[in-house]
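The two complexes that follow have subunit A in common; it is paired with subunit B in the first and with subunit C in the second.
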Partner chain A sequence: MNLIREIWQSIVRRDPLTTDKGKSELVFLNVWLHIHPAKVKKENLKFKHSFYLGFITFFLFVILVTTGIALMCYYRPYPPQAYQDMKDLQFVVFMGPFLRNMHRWAAHGMVVCVFLHMCRVFYTGSYKKPRQFNWVVGVFLLLLTLGLSFTGYLLPWDQLAYWAITVGTNIGSYAPFVGAQVREILLGGHTVGEAALLRFYVLHVAVLPSFVILLTIVHFWRVRKDGGLSRPVWKLAPPKQQPLVTIGAPVETVALNVTAASKDKTYGLMEVVTGKPIFETVTPEEEEDTVFSYPYAFVREAVVLMATVTTIMMMSLFLDAPLEELANPAKTPNPAKAPWYFLGLQELVSHSALLGGVVAPTLMVLALLAIPYLDRNPSRRPVDRKLILWLFTFFVVVNLVLIVIGTFFRGPGWAMVPPWVHVVAGAE
Partner chain B sequence: MERRLQQLFFALSLVALVLILAAAWQANTPSWKTYQRRFLMLESQGEPNAAAKSAVLGTPLEVHQVLLPGLQRVDRCTTCHLGVDDPTMKNAPEPFRYHAGLGPHVSARYGCTICHGGQGLATEKDAAHGNVQFSETPLLAQNYIRASCGRCHKEGDVPNVPELAEGRHLFETQGCRGCHKLNGVGGSIGPDLTEEGASHRSPEWLERHFLAPNTVSAGSAMPNFHFTKDQARDLTYYMLSLTSEEMGTYFSSMRSIPGPGYGRQLFVEKNCIACHAIGGVGAKTGPDLAGVTTRHSMGWLDEQLVNPELVYPGSSMPEYDLETNARKALVAFMSVATPEDAKSILSGRPRALSPDEVSVEAGKQDFSRFGCVGCHGTELQGGVANPNAQGGEVPSLLHVSDDYTKDEVIAVIRNGRVPPIENASAAPPPLYMPSWKSVLSDEDIHHIADYLWSKQQLKKESW
Partner chain C sequence: MVPSVFYEPPQSFKIGNPGDFPYGPPTFMADEKIFVFRDRDRGFAVASAVCTHLGCTVAHFGSDQKFHCPCHGSVFGADGAVLHGPAPRPLNWFEVTVARDGQLNINKDKIVPSSYRLMV
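Presenting the complex of A and B:
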């Protein structure tokens, strides 16, 4: 019995969770949990302040990695075996359809949630100083998510995949000077073929996920260093002007009990330097508004995790991921459509290849990257940011409208066909 | 609040567990297991005692499949159709009934889908039978099933399926290749037909299409050839057999290769005797074929039949669209051919051809092989409807020499021509003369011009 206790205590070295010390040690003695602060601001936990969209996105990524690794066990990245493997997943692999559905819906969900998360961060002005660069990291994560979804789109090697990637990479090739070369490097040839499938597979399962993980670590670290999730600071009572308290430093009014260095104490190498930190510091008033991460933050995160998982599972049980005919380069569907999140672009391309396919997306990405540096307005209060909020809303709505038009209103020959009109495909 | 959240967490975890169990249950109860249990019940009825019965009933349920690795096919049909190879099941209800009349084509070796179509990989009824969205190959209807024989038996007469040979003959003689490509040879006005049997066109569609092209595809440029019902059916059979999947060669490694008899038939059909002699009997344009199989390797001969210019640069021998087995059959015939064969083949002809006649004969062959007859008619009479072209139809070629010089005609064949338009505001005429320079060599074009001129002279003499 003592041995078991000894083993347990060698694994879990914190004090019992009933004590405050135990609660904080749970966080900072644990390599996985210590990205959290030991205590979080109550404001940060409120659902309506963040909708937990960042967490949902992260959890979807975890689902994607898990199901993705399982799918890799059944997949050969060369045609036409790739398609046959999809059919095997559909018909003979135990719970194969469920697995593939989960991966598919989580992938679409991640694209949506990354975008919504970005909107939330914009509307709350959370990209402002000192978080400018974290916004930039976030934009790169958005692009990586789109890249992951796009590369994954090809892997089933069906007509849907083949033509979506053909159209998608064609849009990219409109870029002057480099477009055609980039497309060729990406595809390993001039058309989507065996080489393209292998390259997309490598990007999808190794290269892009690695970058996502690396950038996510940076993203989370910076959130943590910048004082946790951003809060609607304009709603908080203005902090009283008080001298900053450095813990352990003598304050004039309070006589501090200074203990002489003792041989019984352990000293870390933490160095106390002068100068204000760039990140938010906690005032004594705010200190009163904090709670221990355990259980307050963790239980909320756990609920969000399970809500995400059950939603994806529910969808996977009832909605099947599409699988069309085997890819056939000789048979172009009309219209051939890019993945839905690129249909806004395709819609623009249908009006002007250069403007819609190159200028618009390049400007869009550059604008997104530059937002925190162009927006000189220091206030985060919505009433002070009316113009930019309207501009951003306009940008979001235009994007959504274009995607909706491209998805539902475009028929054969990219002609305007409302979704309620039935067109007989392949009428000759 | 915190307590509520904890309860919510446990509730959601429970939901997740239930969902996983539901997914597992769904995965564990596929419809094919029901069929297999029913089959085992059926089989156990014939067993004499309870022990044997329970032994049968205890057979593990599993997916059965036939692998055809060379064809990239996996047929799981026998997962439900469990009695196809078992004669005792000949009166069993579907899907367990015995498949009679297969001869050597047992499902264990050939699978099911190469004849029946359908989706071999599927293990659910609707998906397997191809009655779902995005299925390329729905099951072929029973009354057309014999067309599938032509997918492997590409050449010669398929026993019991005269429609196939007849359809192929019609295709080659009615000028279909003028507009349609098949195995890389032919025009590009109409769709390529190489994969026609592999595409999911319904037989009924094809048959109606041959009877009256405009009724099934409005505005089609395809002329109405006024085929009879039987001819339309023959052509439909032939279309259904067209696929580039190398089934014939895959299975011919197991079967015998067509013999010299079929080779002789091809030798006559392709008019080889017009250029070649056998043992000194025949024409002198090409090399004598006696002993040719001892002078050259099989591979050399095969390549020569595929692409003569590749083996002999500057060879005047035309390219023929011969299937693998057709080439093998021709080589087989050449290895046994005697001067007597040549004599009997020539007996249809009074004498060997002169060089001029050889050119005319080659032109005539090209004219029908590349499908010129499709529009210009087997007797050069023209007359195929071409709305909004001057005259409203494809012109007759019987009086070409009155209006054009030979060089001008050669230029038109080389470069193609859009017919003069009657009414500029209406839709342009659907048919036009394609450019042939990428398909035909200059020599071929000269042969065709010679052939046209030979017809002109005959016309004038008879005037």
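Presenting the complex of A and C:
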């Protein structure tokens, strides 16, 4: 028994969790948990501040990696076999449909949650100094999520896949100067075929997920380094108050009072940092308004994880991921529609491929990237930010309207057909 | 990242004897993505079935003599000119010649005006 205890204690070296020291050590002696601070502000944990959207997105990504690896065991990225493997997943593989459904709905969920997370960060003004760069990282994560969705729905090699590659790579070819080369590199040739499928597979299972993991690490690290989650808007100090006290920072007129280290100190202070810290300042009252990450933050995260997995599993039991017929280069389906999240883009390119497919999306992304640097207003309070809130809301509404038009108001030949008019398929 | 060799179908290929093609509505050749027109008075012409907008395959209905793209609603007239929709250029017409063995030969690298006809 002593040996077992010794082994256990060699793995878990913290004090018991009943003590405050143990609660702290659980966090900072653990490589996985130490991205958290030992203590978090109580108000920041509230659901109504963040809706836990960042966590939900991350957990959906974990589901996607897990189910994705399982799906890779049943999939060959080669044109005729790829579709056959889809059929096997539907009818032969044990729990195959459930597995595929989970991957599909988690992917759709991730697109939704990344977008909602971005909206939450915007509306709470959480991209402001010092968090500007983390917003930029977040925009790239949004783009990677869309890239993963696009490369993902190509893999079944059904009609949707084939025509999405065709249209998608042709949009790329409208890019000025590099268009033709971009298309050739993406396709690995000039026509949509086996080389193209293999390349999109490599992008989907290796290249893009690696970048997502890298940027997620940076994103989380930055959240921590920028002072944790932003303060909820309702906790912001009212304007024209006394300046906040910065703990540990020298008051400008008073010399920093350095206490000589006692002889029994067991740590080394590498450098005395002077000046104000870059993260948000806290009042002593706020400092007391904190709780230990264990259990308060971890329990909430575990609940969010379970709720996310449960929701995706329930959806996967009742909703089946679509699969169209085998890719047929000779016959474009009519109408040929992308998944809902790209229908706004499809609506734009239906007016002009260059303006709608290249110029408008590029400008949108540049605008998103520039937001934290162009918005010079230091206040995070909604009353002080009316104009920019309206502008962003307009941006969101335009995107939603385009998606709604593309989804419900476009019929065969991309003609305007209201959803209440019944169109007989094939009646051309 | 660009392959040294492309294992792709050739751009110049034979499609069969002139007598194989009927008069009237065009013959759609799915693998080659072309429409072969044969007119009693004016001879052969070959149009591309690839929409110049984003590469979807257009359909031709004998009823209205037009080409319709299902993806974004482009419509091309009988001569391939853009009548409606986002397509930036007219449909391509390809050179059609008679090979030594009497078969029709299409060269997709040679774009010809829509008035081009091969009399056989």
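The rule is short, and it goes like this: the second predicted complex is superposed on the first by the 387 of 428 C-alpha atoms of A that agree within 3 Å, B and C clash if a C-alpha of one lies under 4 Å from a C-alpha of the other, contacts with A are read in each partner's own complex, and residues count from 1 in each chain.
One rule holds for everything that comes next: a contact is a pair of C-beta atoms (placed from the backbone, for glycine too) under 8 Å apart; a residue touches a chain by one contact, two chains touch by 3 or more.
Please read these numbers as outputs of a predicted model, since none were measured by experiment.
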Partners on subunit A (subunit B, subunit C) - clash or fit: clash
First, second, both or neither for A:Lys87, with subunit B first and subunit C second: first
Partner chain(s) touched by A:Phe98 [first = subunit B, second = subunit C, both, neither]: first
First, second, both or neither for A:Leu198, with subunit B first and subunit C second: neither
Subunit B versus subunit C as contact partner of A:Ala415, first or second or both or neither: second
Which superposed partner A:Ala180 touches (first subunit B, second subunit C, both, neither): neither
Partner chain in contact with A:Val359 - subunit B first, subunit C second, else both or neither: neither
Touched partner set for A:Thr310, first subunit B, second subunit C, both or neither: first
Common interface positions of subunit A, toward subunit B and toward subunit C: 330, 428
Interfacial residue positions of subunit B with respect to subunit A in the complex: 2, 5-6, 8-9, 12-13, 15-16, 19-20, 22-24, 26-28, 63, 72, 74, 76, 119, 121-124, 127, 134-136, 192, 195, 217-218, 220
Residue ranges of subunit C in contact with subunit A within the complex: 1-3, 6-9, 28, 30-31, 33, 53-57, 59, 61, 68-73, 85-86, 88
Partner subunit C, residues of subunit A touching it in the complex: 163, 166-167, 170-171, 181, 184-185, 188-191, 193, 195, 329-336, 346, 349-354, 356-357, 412-415, 428
Contacting residues of subunit A [partner subunit B, same complex]: 80, 84, 87-88, 90-92, 94-98, 158-159, 295-296, 299-300, 302-303, 306-307, 309-310, 313-314, 316-317, 323-326, 330, 427-428
